[in-house]
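Both complexes shown next keep chain A, but they swap its partner, so chain B is in the first and chain C is in the second.
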Partner chain A sequence: MADQAADFIVIGSGIMGSLVARRLAESGASVLILEAGPRVTRGELVARFRNSPRRSDWMSPYPPSPWAPHPVYKPQDNGYLVQAGPYPYPAEYIRQVGGTTWHWAAHAWRNVPNDFRIKSLYDVGIDWPFSYDELEPFYQQAEELMGVSGAPNTGSPRAKPFPMEPVAEPFAMRRIRERLAGSFDVVSNTTARNSRSYDGRPPCCGNNSCQPICPIDAQYHGGIAAASAEAAGAKLLPDANVFRLEHDTAGRIVAAHYFDPDKGAHRVTGGTFIVAANGIESPRLMLLSASDKYPAGLANSSDMMGRNLMDHPSTSLTFDAEDALWLGRGPQSPSSINTMRDGTFRPDHAPYRLDFTNISRVDNATRALISAGIYGPEFEKRLRQTAAHEMNVKTVLEVLPHPDRRVTLSDQKDAMGLRKPQVHYAIDDYTRRGSASGKRDFQRIADLMGGTNLRFSKDGDYANNQHICGTMSMGNDPRTSVCDGYGRAHDHENLFFASTGVLPTSGTCNSTENGVAVALRSVHHILGAVAPVAARNAVSL
Partner chain B sequence: MTTPSSEESLPFPPTSGHQDKTWTVARRALLGGLLATSTLAVITWAAPTPSPTPERGAFIALSSLLVGRQTLDPGQAARLFDALLQDDPAFSQKTAGLLSFINARLIAPLELQRLLDAENSPFATLPRIIVTAWCLGIVGTGDKARCLAFETALNAIIVADVLRPPTYAYGGYGSWAAPPRTVSTQAAGSIGKLPGSHAERITHG
Partner chain C sequence: MRIQALLILVALLAPPLSPARAADDAEVKRGGYLAIASDCTACHTAPGGQPMAGGLRMASPLGTIVSTNISPSQEHGIGRYSFAQFDRAVRHGIRGDGARLYPAMPYTAYAKLTDQDMLALYAYFMTAVRPVETSPEHTRLPFPFNMRLSMAGWNILFLDSGTFVSDPKHTSEWNRGAYLVQGAAHCGSCHTPRGFLMQEKSGQPMAGSALGGWFAPNITSDAISGIGGWSVEELTTYLRTGHAPGKAQAAGPMAEAIDASLRHMNEADLRAIAVYLKSVAPVRNSADSRPAFAWGTAGDDLPSIRGVGLPGNLDEMTGPQLYDAHCASCHQSQGQGSFDGALPSLFHNAALGRSRADNLVMVILNGLRRHPDVNMPAFGHALSDIQLATLSNYLTSKWGNPQTQITAKEIGTLRAGGAPSPLLLLARGGMLLIAILLIVALVWWQYRRLSKRQPQAIDPAHTPGE
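And now, the complex of A and B:
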């Protein structure tokens, strides 16, 4: 196939890559998006979920493609993400048009302002290369693009109102808020979920399947972002698995090489390259692109590429509340306690958000009863009892950047002959002390809810939240960071990253909105600094 | 379509053990009658579903005992039976054997698994397989697992007065803010219309 070319080559069609592509295309530049995985429709995903024998496995509607695999762990680990330990990091992400936000809880939090200065304020982690105030207009842009609903009492100041009011509070969350009042302030989550018709999409109808798929697009996701990029004029090529970036003698990126599903190799040239292939696949691609000039991989003169892997580990408490709450009515993840997201304790232990689930308990309770051998009328009685009264609260803990937590290349290869990603991960004492504080909160919450049958997650066990960040960390010092505050690689003038991987710290909120806001700030910079040149040399697709 | 049983018309089931004991006595008598006649008069069979064979009848009877329901959907029963038989050609014999075992020993459902495990019974795996099929709609395990029922799986039916299966709309925007209305708080006329009427109420996404 003849080479294709564009002003901008965007690698990855997830929410960040697609929104960046949309903005660039709207400026009049030619944009080509290369997506490793296939196109899949919302209807197909809903059908896959309803017909899945593993409904609680939210990856079951998203099987990996042989030519562009992603990690899955059920019914067995497909071995794609190699674990180097010492603590497992079973990350989940989706390689298909639209990326991983096809299934998410749609939490669209902003950081709190002090998250940008934890080194200066608390002598832990690092500071961001810019302040909350500098990012604030781009948070607003992100919220308007995604359609975010929220209340102003979440600790993140704003210059303009949310695009929408908070989504109606489920009865269960109301009872929790009322019973905890005076001890804990329970607030509605800031979410990319419609509380009214917005941007041609309907308000939430309480389908309670936000993860793995909102069947009515009341929730924003990368598939919507990808469609908007195409509507703006970007060309999107699915099933194009980029395996190498090519540079010239000056270190500028000149081409992206990709495999089609039959392993036919193709070459695409462009003026500026934006890697938006998530916090694991992006550093993998940079490491796969090692050359004689850059033997440690591209954008890696600092040796920081892939390092500082962070996420949000969770501990949890499940118990039976006194009230009949009947979780499962309304959206899955409506309410949180934010009071521990920042404070003078941060030199000592990790901050955290406390997150209440509203996911139906029915399937899990059914499996538990069957496992326990509960048959006959007692089955129905106990199922209803659990479905009505069981509730769960979890911590969402900050992990600090550390170079030993990292993504590298495994010696194992995938079906395309490409080296698999390998992760090195650990939970440190800072996070463990945060979880101990969270456990004390759990007990108090259970007491206030009249809780019985308390089941704490096992000490030392941390669930993963798939908020991959840090692996292409931005900073002002090229010796300690991969890219600058605009996501531009320190080592390559025309290479940018749009990803949660650029976030220097993880904070306590789901990483997507931070990643989108930072990516939009990068686009703003690119359009000012790069696009005028690109427009003069516009390439037709 | 499922016809509501007398159990479905109850409010929240009692929390004491008396209910189960009373039921068990009744069920013992029932099972004795079933096995004596090899018929399943209490099972509602809706036309045009073919009459069950004795093997399928035994499956229905055992299922009824295990899931605590006198009425089970015949079409779903046929699909589950066929799938279970596909996984295990001896499924019919095992089902009949376990049913005979229960009847001979007059075992209460709540005691069944403990007893089978304690005696290393060859039937020990069977109840979980059958209850998983009915209550989760899933037959098989691992790579062989498949979903035969979702919104008509019994665990969805059991809570259908309060909850919708995931992906099905709960209702209009904000309807979830109101307190849940269970069968004990709803008008009697709205009870027992599931799953048929339930499906009609659902707003598809």
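And now, the complex of A and C:
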């Protein structure tokens, strides 16, 4: 096949790659998106979810494709993401058109302003290369694209209102808010979920299956972003698994090489390359692209490529509330406590959010009762009790960047013969002390809710929240960071990253909106700086 | 009548009426209400555009018609229209410059408006509508319809220019309803079948008609095919909200008519419309065996597909699998909809009970949007023609009229905007015939002229000076 070419080659069709591609295409540039995985429709995902015997396994509707696998852990670990320890980092992500936000809780948070300078303020972590104020307009853009709503008082100031009002508060969340009033402020989360028709998509009608799939597109996801990129004129090539970027003698990227599902190799040339293949696959691609000139991989003269892997680990408390709350009506994750996201404690321990789940208890309770051998009338009674009263609150903790937590290449290879990604991870004392503070909050919350049957997560156990960030960290110093504040690789003039991987710190909020806002800021820069140069060059030819 | 005639005389004699004409507030207000009842904005305001500035592109079977600016702009709109010109346009289909309007403008219905209401409408447009200083693109229909003069002949055939006359045998409510239905609300523009030349068939008012993929249903008083089984209250509710529980919900052009026009009308007028419609002569469509809303009961086939994998070729998905994937999240496992009826049930739902699946398919393809926040998403991008045929046939079999089936090919036609009018072909054919006749005539005339030079061929009947 002859080489394809475009002004911009975007690698990855997830929410960030697709929105970047959309903006570039809207400017009139030619844009080609290369997506490793297949094109999948919402209908088949919904059908697979409804038909799954593992309804609480949110990856069950997303089986990995042989030619572009992603990690799954149930019914057993497919071994794709190799764990080097000491603490596991069992990230879940999806390689298909639209990427991982096909299943998410649609949390679309802004950082709080102090998250951008924790080194200066608290002498922990590092500062971002820009301030909250500089990112604010792009947060707004992201929120208008995704259709975000939420409470106004979560610590992130805004110049303009949310594009819509919050989704109606479920009864369970109302009762929790009322019973905790005076001790904790429970507010509605900022989420990319419609409270009314927005952008042609309907409002949430409470299917309570946000994860693994919103069956009606009331919540935004990368599939919608990819469709909007195509509508804007971007060309999207699925089943195109990029395994190497090629550079010239000056270090400019000149081509992307990909395998089709039959391992036929293809080459695509372009003017500017934007890698948007998430915080694990993007560094993997950079490391796989090592050459004689760049033996440690591309964009890696700092040796920072793949390092500083972060997430938001969670500890939790499950208990039976005094009130019948009947979790499961409305969205899965509607409300949280945001008062511990910043403060003078930050030199000592991790900040965190406290998040209340609203996931129906029926599936898990049923399995627990059956596995405990409980049947008949007792089963019905116990199921009813649990479904009505059980509730859960979890911490969403900050992790600081550390070079030893990292993504590398494994010696094992995938079905395409490409080295698998390998993760090295640990939970440090900063985060552990944060979780200890969170545990004290758990106890107070349970007391205020009249809780019984308290079940704390095991000390030292931290659940992964799939918020992969830090691995291609932005910074002003090329010796300590991978790319500049616009996501441009320090080492390669025409290589950009659009990914949560560029976020220098994790803060306490789900990373998607931060990633999207930073990516939109990058596009704004690219259109202001790169595109006019390209246009001049075109004229001079 | 004499006062009206006098008013018209005054209007005709006066210089082109300026906005300063002595129209009182009440008259302007009444004109505004009539403009809403006439749904002027539906066609003359483009989505997101300035009110009455035109520019809406309307697909017609003959090509795209673009609505004009009817704001009182002197240059771009109707600001210079005298009342007489305004009246000729609205009731007779003749533009200010004398050119003919296409009957996409429902002047055959507006012809029923009384003189008094025309004056009110005029007063409203000239004083209460903000002038918009832009011109939309021009309508360019294919030959021969780009010859607007052709409409003159059409008007001779089909324009009944008499205004509405009350029928003393009926109540004033009935008469009000008849006036609105036949006039301002121009219900027949969509609901009356159109004949060979796109004229409304005078013998079958409100008997139902296809319309750009949609089918405007039979709304005669027939108990099976029409709205005979609806109560006046149900009809009134439907006209106000677009939803009559257990009967039907408005979609497509009817949803637009309700949003822009009907829901703004007063309850008495909506009721009058309902009362009149209940008296329109019944027309039975032979294919119909029971009312469209009277089909189906709750039930589901979902247990039968649990544990069965999806086919490798998704075009082979079964009806229940497609329902599970696309519909059940809102319409629920048994097709029962939501507890409060906001998400309608699929049984006892006219969309699934008609003898043709057009509207069901059009709603699935294009979705449904209605005030205040009714939004069924469009599935046109998510379903292939084959999948949609499977799904539609499953829906009608399961919860609607099981006789109503549709093929993937027919769905392809609906996806493309409905069947094109045979009129274009016919008219072009007709033109060809006329051209051939003209050529024959010319040849004959030439022959005669040539023959004339020969003495033996002199025709004494021939007029000189030819």
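In the analysis below, the second predicted complex is superposed on the first by the 534 of 541 C-alpha atoms of A that agree within 3 Å, B and C clash if a C-alpha of one lies under 4 Å from a C-alpha of the other, contacts with A are read in each partner's own complex, and residues count from 1 in each chain.
Just so we're on the same page, a contact is a pair of C-beta atoms (placed from the backbone, for glycine too) under 8 Å apart; a residue touches a chain by one contact, two chains touch by 3 or more.
The shown structure was predicted, so the numbers you read here are calculated from the model rather than taken from an experiment.
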item: Most chain A residues touched (candidates chain B, chain C); value: B
item: Partner chain(s) touched by A:208 [first = chain B, second = chain C, both, neither]; value: first
item: First, second, both or neither for A:51, with chain B first and chain C second; value: both
item: First, second, both or neither for A:200, with chain B first and chain C second; value: second
item: Chain B versus chain C as contact partner of A:41, first or second or both or neither; value: second
item: Which of chain B and chain C A:329 touches, first, second, both or neither; value: first
item: Touching partner for A:216 - first (chain B), second (chain C), both, neither; value: both
item: Common interface residues of chain A - those touching chain B in one complex and chain C in the other; value: 46, 50-51, 53, 196, 203, 205, 207, 215-216
item: Chain B contact footprint on chain A (complex, rising order); value: 46, 49-55, 75-76, 168-171, 174, 195-196, 203-209, 213-216, 324, 326, 328-330, 360, 362-363, 365-367, 370-381, 383-385, 387-388
item: Chain A residues touching chain C - in the complex, by the definition given at the top; value: 41-44, 46-48, 50-51, 53, 196-197, 200-203, 205, 207, 215-217, 227
item: Sites on chain B touched by chain A in the complex; value: 7, 12-15, 19-20, 23-24, 27, 65-69, 108-110, 112-114, 117, 127-128, 131-132, 135-136, 138, 140-143, 145-147, 150-151, 155-156, 158-159, 162-164, 166-180, 182, 203-205
item: Contact footprint of chain A on chain C as seen in their complex; value: 302, 305-310, 314, 317, 321-322, 324-326, 328-330, 338, 343, 367, 369, 373, 375-378, 381-383
